[in-house]
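One structure follows; several queries about it will come next.
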Amino acid sequence: MRVTVLGATGYGGMLLTRLLARHPEVKRVIPAARSAAGEPFAQTDPGFPRTGPAASKMDERVRSPDEALADPGDLVFSALPHGVSAEVCLPVLGSVPVIDLSADFRLDGADRFRSAYGREMPVPDLQSKSVYGLSEWYRTRLASADLIANPGCYPTCALLPLLPVVETTAPVGPVVINALSGISGAGRKAKALLLYAERTENATAYNVGTAHRHHAEIAEQLLFHGLADADGSDGHLHPSVLFNPHLIPMKQGMAATIVVHTESAAAAERAADALRGRYEMEPFIELTGSEPPETRHIRGTNRVRIGRRIDGATIILMSVLDNLWKGAAGQAVQNMNIRFGFPETAGLSDGLEL
Amino acid sequence: MRVTVLGATGYGGMLLTRLLARHPEVKRVIPAARSAAGEPFAQTDPGFPRTGPAASKMDERVRSPDEALADPGDLVFSALPHGVSAEVCLPVLGSVPVIDLSADFRLDGADRFRSAYGREMPVPDLQSKSVYGLSEWYRTRLASADLIANPGCYPTCALLPLLPVVETTAPVGPVVINALSGISGAGRKAKALLLYAERTENATAYNVGTAHRHHAEIAEQLLFHGLADADGSDGHLHPSVLFNPHLIPMKQGMAATIVVHTESAAAAERAADALRGRYEMEPFIELTGSEPPETRHIRGTNRVRIGRRIDGATIILMSVLDNLWKGAAGQAVQNMNIRFGFPETAGLSDGLEL
Amino acid sequence: MRVTVLGATGYGGMLLTRLLARHPEVKRVIPAARSAAGEPFAQTDPGFPRTGPAASKMDERVRSPDEALADPGDLVFSALPHGVSAEVCLPVLGSVPVIDLSADFRLDGADRFRSAYGREMPVPDLQSKSVYGLSEWYRTRLASADLIANPGCYPTCALLPLLPVVETTAPVGPVVINALSGISGAGRKAKALLLYAERTENATAYNVGTAHRHHAEIAEQLLFHGLADADGSDGHLHPSVLFNPHLIPMKQGMAATIVVHTESAAAAERAADALRGRYEMEPFIELTGSEPPETRHIRGTNRVRIGRRIDGATIILMSVLDNLWKGAAGQAVQNMNIRFGFPETAGLSDGLEL
Amino acid sequence: MRVTVLGATGYGGMLLTRLLARHPEVKRVIPAARSAAGEPFAQTDPGFPRTGPAASKMDERVRSPDEALADPGDLVFSALPHGVSAEVCLPVLGSVPVIDLSADFRLDGADRFRSAYGREMPVPDLQSKSVYGLSEWYRTRLASADLIANPGCYPTCALLPLLPVVETTAPVGPVVINALSGISGAGRKAKALLLYAERTENATAYNVGTAHRHHAEIAEQLLFHGLADADGSDGHLHPSVLFNPHLIPMKQGMAATIVVHTESAAAAERAADALRGRYEMEPFIELTGSEPPETRHIRGTNRVRIGRRIDGATIILMSVLDNLWKGAAGQAVQNMNIRFGFPETAGLSDGLEL
């Protein structure tokens, strides 16, 4: 395969090129990025090995997105920003499969999109053809999808533990999702708020409740999987899901702690059983029982760890993943594997982080 | 004043000696610690200035707790571990005021203590004489207390935003407290789990739901201030408060994000008003409105910052403090100031952390 | 006193306003910054306490530099960037004392300035009137200076241990200075290279040998204090001093490890004696003997710690300071104290960092 | 191959088991550690994937070293502490190849060993049979060695840039090595000095000059490669090499900055040429020219990056590596590959750290 990576200079795009360059089924990687067009690739990712098999698969020069899409190969990954991605990819949609890491095709509801992103859905016609790339939940459709909307990091971290639970039991009152993200989740923009000296020794909540864009993505998926009134937009007293993200001083990693009240202790136990039943054979999901998972244990891997504790009729779900792997580039490669019939774990062996 | 600090070699005890050594009303500080008894104080806190006014107030040699209590001066601070503190202080209780930073006298309910600490309350008779040292809420009683139970860091961070709210409106369903703590909150013990290489790039939930000892402390105070069924121990389906603590990679700092569902949007607004009304004149509490507070802005200070967001009938409270200052040693000095009639801010000027 | 701070939004400027706002002799602080002109000061430094004595000394609104200099009060601090500072301050030079934290007036040699900064010395006539603000070495001249060139952080950290040594014994071969700096030393610019995710888990040398601008500053001062051929610019085989700076993942702090070969073991011992003799009465210098000093012990303070080890005829000097305190704003306030006859430690008590 | 790893619970041992478990030529890994003997392996390395090909190669239970050595398989790695390693491995030396990551067999000189380690060389007879495992320099001998003394992290980082230089030109005056290490280099011991809260925001030199044990190792190798008077122990005025290590707040990574004065600018250029000539074909060595290398670019890889700058007749070498990979476990696997005739890069693909 010959694959194009648009937005190859962001954190997600960088990891994507590295994963693809060592993927056994990929023969050629074409990096593209507007800001670095024309530059040697070795300069845009100075940590890339200078020689060896991975280096030999990379195009030496970064292309502009337009130039890359003129001859995109067998698959296009877009790690471009929201709003830009759909527009840039439009010319090739339909002719070559696209895995889009932006939010442009993630939401089905036009109102929900408008409210979360403050503008119209970019290409509503294509929306219905896109498949939400939560690999473990949409495998069949992903296998034949030509437009895959790769999920956000927070939604992946929250939905994987939540979906088996809400499919099994109806939550009593709102679901409360608390989540922590490493700084790389905010992207590679030169903003004062992301400077080392501003973020070290600093933790903060932001866009809590229903304010974060990923709230809409989580709420919509929960709605599809049976949680009534998913976004509280219809005037109900309490939103049916609240999402409280935090930025904490680490580079990679994400943790979600989720409180779901159920109707009985037995229902909470059934929810825990559903989690086990649903995931015990999944190659990238590890259940830790009542042991809280730690982000360091999945850093640099495509694995998700999920633990849970039951307090009366309440189940507390705890999940961790690496926001750049399963939360972005890793899941994108997993989706490529599904789409092209490769073994799902191909090219996704662990990064060996202690 | 001449004051004794028991447990002067832990993080709380170290900050306590430093704060006291520059307190305008303190003339002499007597550091005591079993492990360092007999050593020069300069060796136990190598960052202490070697000369100058603060150094000149410090006893040069660390005493054993017993030796120190034989001549304790006007006030004893105990930063000894839970379980040890009450026992060590017992001989002087009644004859000299004691501010205890351990949990030994924080809980009123003997059952609750037993369940949280796995042993009997150490001195039940004295429990009724101790005053819970949440400064902004127990000033009058603290002014004449001879035994002050200084609150835990998590309870201080959770209760300050919660108490005005639960006094104003009855929460609908359980209150969900999510909290993040810097590593110094786990103490200065040489444990593998606290090593730099184990905690950097690592976030984890631990003891969630009702499992953390501070859950009992929070639940009891909420009960005293009107939240029914505070700990869920009576068989109700859902605990009335859930507390999910996390350890994150920073040294000092704590953030709580708390979800309270109320009966109406108007009730949520009243709760926000109560917060403002209760705290706008407090020297150590700063309200940030809908702006989420950041831990860096209060690091090295005794200040607490509280923000809130309203989503329908739900109010989300966000509070930050420095776990070693307002969460431990700073509040202990504030309580000393209240007890001895000094200006409440004496000796507590900011640490100038950018 | 009423003082103006130009460049109040950088890290040095921020700490300067905070130190001045609690300085006992300062009644009013006028913050100025081009980028924030007109904004409320509380917005430009969100960690500043919102009420209390420090807050009451601050002007509420940030002025533009021009506006501020129209009525500058009794003293102007300039924390503006190199190249800008001299030009902006020019109108008030001579009429009001100026302490300049930029490099614009630090060098005496026009050639050296040109070679280090790639342009002409901004105001050569004034250069001869400026006094280099290394407080412990130029006290007498600082006491009557109307233009003080506050030293760079690296030069302060290197020169304090080196000057007594080179005044005592002639080094054999080049002096090798190795130094480590926290990220705040690179300033508060929104540059990709300073992002948290780029700097954590990352250490790198940069501008080694004679390439860093601070090399010129160090070399010139060593020349003034007796080290021949200070910058190697005259064709000698080896520069007489080499300066190897490194950026390491911490916010504040600086450490220098300096190798000086002398002519004999006795000469090395004499150098160590000179260090002790020169500094034992200094309020801000602490000698640690053969114990290596640690940056954490002086973080948030104006103190410098210096240790040394002797290996044969070689003396290895180790010094640490906080780059924002003694390396910038702290020393600037120390210089103000000297210039105005205040106690030298006024307003410079420790920040209580454990 | 079936391989045993003694000391599998330290950082070096943990990475070793992970590298071996994905090595294409290794079929079985036997983890051993006194402290964890009998425990499930999944418990001693909780970040290890729970299923998949790597997990299936691991023995499920950790053995005691004695038990493991009763049936050690085809190769023994010892990541046991200095002093313990030689003694434990003695019974199998000669019958099965051993790669020892401790310092027990690294030094040839009995005096040098005694002076560095404060005790006698453990098995002097075997010393002469051991080969120093600096892969790029001892390949031929390693290919048939039955006892490989894997180098220390600092020596690897210093010797790789230095050896081509000292073989090419005679340094004028002492070589000065400055080095920075991440905290994992200090091992996984529960010591207060290694706690997160003690090491974050903290940099310190330690054991400078000739005091660190790795000084002896570096000095001896430099002596073997032509640097006269390598350790200064014969009464010369200046040691011929000085080694100044520092501990800085990061987990993995090491940087060395080395100053070598030569007799002429031409000699310095020849040294730079030698570096290029010696390493340009090496798979794990990347030359960055005058660009300073950064530790993040080789984190989680077995690669070493080396840059250099020439100032007059002085050459400044800058090298970076990951102390757990090329500085320990990675080089050990590289040595296994050499010894057993596998491709030298087998099992050593990058860890994908951005």
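Order of writing sets the labels: A, B, C and D. Residues in every chain begin at 1.
Note that in this section contacts are C-beta pairs under 8 Å (C-beta built on N, C-alpha and C of every residue); 3 or more make two chains touch, one makes a residue touch a chain.
As the structure is a prediction and not an experimental result, all values here were calculated from the model.
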Chain pair showing more contacts of the two, B-C and A-C: B-C
Listed chain pair B-C, B-D or C-D that repeats interface A-D [over half of contact pairs the same by residue number]: B-C
Of all other chains, the one whose Cα centre sits farthest from chain D: B
Centre-of-Cα separation between chain C and chain A, whole angstrom: 45
Centre distance in Å when chain B and chain C are each reduced to the mean of their C-alpha atoms: 38
Residue numbers of chain D (touch at least two other chains): 11, 182, 184, 197-198, 200-201, 249-252, 294, 296, 353-354
Footprint of chain D on chain B - complex, ascending: 11, 182-184, 188-192, 194-201, 249-252
Complex interface listing, chain D residues touching chain A: 11, 14-15, 18-19, 22, 46-47, 49-52, 54, 184, 200-201, 251-252, 283, 286, 294, 296-298, 300-301, 303, 324, 345, 349-354
Of chain A, residues touching chain B in the complex: 172-174, 176, 178, 180, 182, 197-198, 200-206, 208-211, 232, 236-239, 242, 244, 246, 248-253, 255, 257, 259, 261, 263-265, 292-296, 299, 309, 311-314, 316, 318, 320, 353-354
